[in-house]
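One chain, chain A, links the two complexes that follow: it is found with chain B in the first and with chain C in the second.
What follows is the complex of A and B.
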């Protein structure tokens, strides 16, 4: 990436490859928010071919992660939890995202160490669960099977 | 793919699920979440078990947190094996019945139970006490402040602490036969508090003392102590003796009430303890309002030869303070409590700061004659002793805790916000409270005295 092999010059974009093989050009300035990629970039700086593989992440989800990081960067003054929740909800609506997308985003955020996305995503799911009245409603919402034995008792 | 058959939410790792749990808004949501499947139940239980909010079972409080009865039953069933403490302020009989209906018959890990009912007419029956001993088989610490005769208390086989006294409230006692039973059967008993505030105690320890070999703390009325004082002082593990003066006293029938001096009688045991245990005394506290001690009362005490005092509390003293200086020779003093002294001056107090380098607690609550000038002078002494506090990386002693409620410099401390002053940081910590282990109010120990012994 650098003309001078002894100097590591930070590029404006890095290329992230998702599991389908698509390559995403992502501004370097966003990488501060992606702990995993940032660390990989530091390690690969001197001899990287410019592409960082992220084989656990789908392209659609990667786009949303990048969009989220841009939103956080462009709205750095809006750090209140409620503001972030609003930003997240709007992002989901634009992407017609459902619970499945939220969970995929959380998996990606966990993998990439995007703390802000982890916080807002877990809050979103917590709010969904709180809105459910009973355990059965939660099971229906998240397609869970009740595998708790009916006569289960805890032993001291 | 195999992963597609797994619900999406279960693909999240435990860290993520715990983050979701932490953001649920109330216990009802947590309970519903835990009832969905085994994995969520495991996540919730592991969080509940370590939460300080649920360390102690207070059924009244838990009913408010979980108004839905089924939620409460479920939550109790999950937490039952992990509860370590229990307290109750409503009727014990009703509480035990409620737990029965919820099929909670044993709380195996509860080691502490504090019963302090708000309704003073709610006395637990003996049947309830027996039921309680079955519910809490591992109980080690029991505090009961209601009238009971003591039957079935000996059923708490592992009991180490029995507290039957509430400050200034109690006017009833155990029956003697049950006190004997408690002492003879509870081999692990270490702390026994059988004080009674409003009447002369009729309890006797004559049949009990040979069983109390492990007792470290004994709190009792003077009337109970009088006939067995030598034997009490022989208890091999005794570290603390707290004596409550009885509210009234017997004047022998052949003595003239006009010439009989009860004051001499009521201090006799106090001096006796000072004499017999001089070499072991590491602390004593006395309520000067009730104990008729005149100036110079301590001039000939045998404790001077040993200089082992670490904790000293003389409260509500109405005579001159000059004689107090003799205690500055106790270089190992850690706690000095001089609450409610009429004549305590800055100069006398500064002598202690100067001459007792290990002083950690200084309680001058209610000493109105002290002035704000004491504070910078005390600070200077402490800074001269350790000039490099609070430099980072410098290993230093703990700051002096100064208890100042209604003292002569309370207003000054509050108005100048000395608690946050960088000048005093690391040297003096101001606290509007009382030292741990002392009673609240005008005296460190109320209406009596207290001794602490160095026990090998």
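What follows is the complex of A and C.
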């Protein structure tokens, strides 16, 4: 399956397979937002069934990525950062998403080149970090191992 | 849609470090510079990301009090933060920072920093105000300082002359300056730019009487009360050998200031002939008188006027420029190469088009934000240009935000006449946000 118009008529859906083996039918119109998938289809890298393997992404996360892309498509007039932040927060709340989900979403967004999701997700985490009262709070929340020797962090 | 089977995944611990460096950089760039420092201290990898960002993005840093309000922002940590920034930082701006933070640096030598802005908080009182001793501290801590701006400071000016490397000094809303310190300031420093235009009411014309002792001055920004109308301060300023720009803020004495500089009888020999550019932005009640004075600058090459209105952008309330006064001015200023009349209502196209007829060297005509009677202006301009057989280059007409529609660029008549007239609907002139009430003179050097 490809998007090359000389080969066949453009399909309405593309099948994406996540790491657990789930297959997601995703509207072709959303693929413009997923640079990686879009490029894969252009060079016809899918297998003989027309399914594109995305083995780094879990199904739950893939659903959220697709939902996000639909939100962006359906709200194309809402391009202000604050609007997009609100959309992202609502998406997370509906999915009962926690920090783990946000990080996996960012990993997926980076892999799939979904720029809008990268932008809003990194802003979300930056806001969370800003809201932390102390550096120790950031360390605990995001499980950051302290691997800098104490003599290097000693203050004058 | 999904297929039917389901699979459990083993729970994993969430860590920011699962993200790659590029994504971490996207997150960290959105934090303020102190937060970046703090997060870089938590982990080696984060430290590396912060250093990569800092290598190119912290040449200019703005520090504000609210950045350090968290309980972990101790004095020791602030000092460590500055020392970590210093290898990358060249320009530092302190916006309403507690001056006690600046004083923590008193035993340091930050010789990479060449530009410093101290924008004080007018609400601060007592020991937390920026005073003369803090100027001495700046001299010690930033020995290579070339540019200094001080706002809302309680300084008399006595130690400013000790900043030996200083070439640009701006004093804004410094109400305690004492006149007897200015002589040393002008004599000892090789200043290129001196700016006391904003709210330095205590400084008057007598304090500037020694300005001529600083022959290196290229750009001076003052207010009209710094030019005592009864003395020859103005003439002394105009005699400065390297003067390139003189900006004078005037709320109520615009005509007097202009007359003092433009009229040949008032200014030193040849001073008016050395003025090649003039800019003014503001509201005037008598453009006829204004143009009369302006007409004395016979060698003017660049004229830039910005009108202001009270409206919300629909063009109502713009000041009107009459054809007669424009026509008279065009008879006098025939050397113009650039004419910018931005944000005005023209009585008709005729007045401005007189400049197109009479100024043979005119290259740019800028009517940004003006109401010029639409495309009629363009067609009449083309009519004039088509008769100018001597014209070797097209005239550029800038029309952004005016009442001339931008799609006129694509009209057949304009496309056929591109050798005569090049319309630009995108460019904005260099001074769109210039301060109101400032007369700026630019000198030939």
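We take it that the second predicted complex is superposed on the first by the 142 of 156 C-alpha atoms of A that agree within 3 Å, B and C clash if a C-alpha of one lies under 4 Å from a C-alpha of the other, contacts with A are read in each partner's own complex, and residues count from 1 in each chain.
Here is the rule we go by: contacts are C-beta pairs under 8 Å (C-beta built on N, C-alpha and C of every residue); 3 or more make two chains touch, one makes a residue touch a chain.
This structure is a prediction, so every number in the text was calculated from the model and none was measured.
Asks: Return fit or clash for chain B versus chain C, each positioned on chain A through the superposition.
Replies: Clash - chain B and chain C, as placed by superposing on chain A, overlap.
Asks: Based on the superposed arrangement, let me know which partner A:142 touches: chain B (first), chain C (second), both, or neither?
Replies: A:142 contacts both chain B and chain C.
Asks: Which of the two partners, first being chain B and second being chain C, lies in contact with A:118: first, second, both, or neither?
Replies: both
Asks: On the A-aligned overlay, A:27 touches which partner chain: chain B = first, chain C = second, or both, or neither?
Replies: Touch status of A:27: no partner.
Asks: Clash with chain C: which of chain B's stretches 243-251, 333-341 or 351-359?
Replies: 333-341
Asks: Which positions of chain A sit in both the chain B and the chain C interface?
Replies: 99-100, 103, 106-107, 110, 118-119, 122-123, 125-126, 129-130, 133-135, 138-139, 142-148, 153, 155-156
Asks: What part of chain B is in contact with chain A in the complex they form?
Replies: 7-13, 15-16, 19-26, 29, 32-33, 35-38, 40-41, 77-78, 80-81, 108-109
Asks: Would you mind writing out the residues of chain A in touch with chain B in their complex?
Replies: My answer: residues 99-100, 103-104, 106-107, 110, 118-119, 122-123, 125-127, 129-130, 132-135, 137-139, 142-148, 153-156.
Asks: Spell out the residues on chain C that touch chain A in their complex, using ranges where they run on.
Replies: Chain C reaches chain A through residues 1-3, 5-7, 9, 12-20, 22-23, 26-28, 30-31, 35, 38-39, 41-44, 46-47, 70-72, 74, 76-77, 79-80, 83.
Asks: Spell out the residues on chain A that touch chain C in their complex, using ranges where they run on.
Replies: Within the complex, chain A touches chain C at residues 20-25, 58-59, 63, 98-100, 103, 106-107, 110, 118-119, 122-123, 125-126, 129-130, 133-135, 138-139, 142-148, 153, 155-156.
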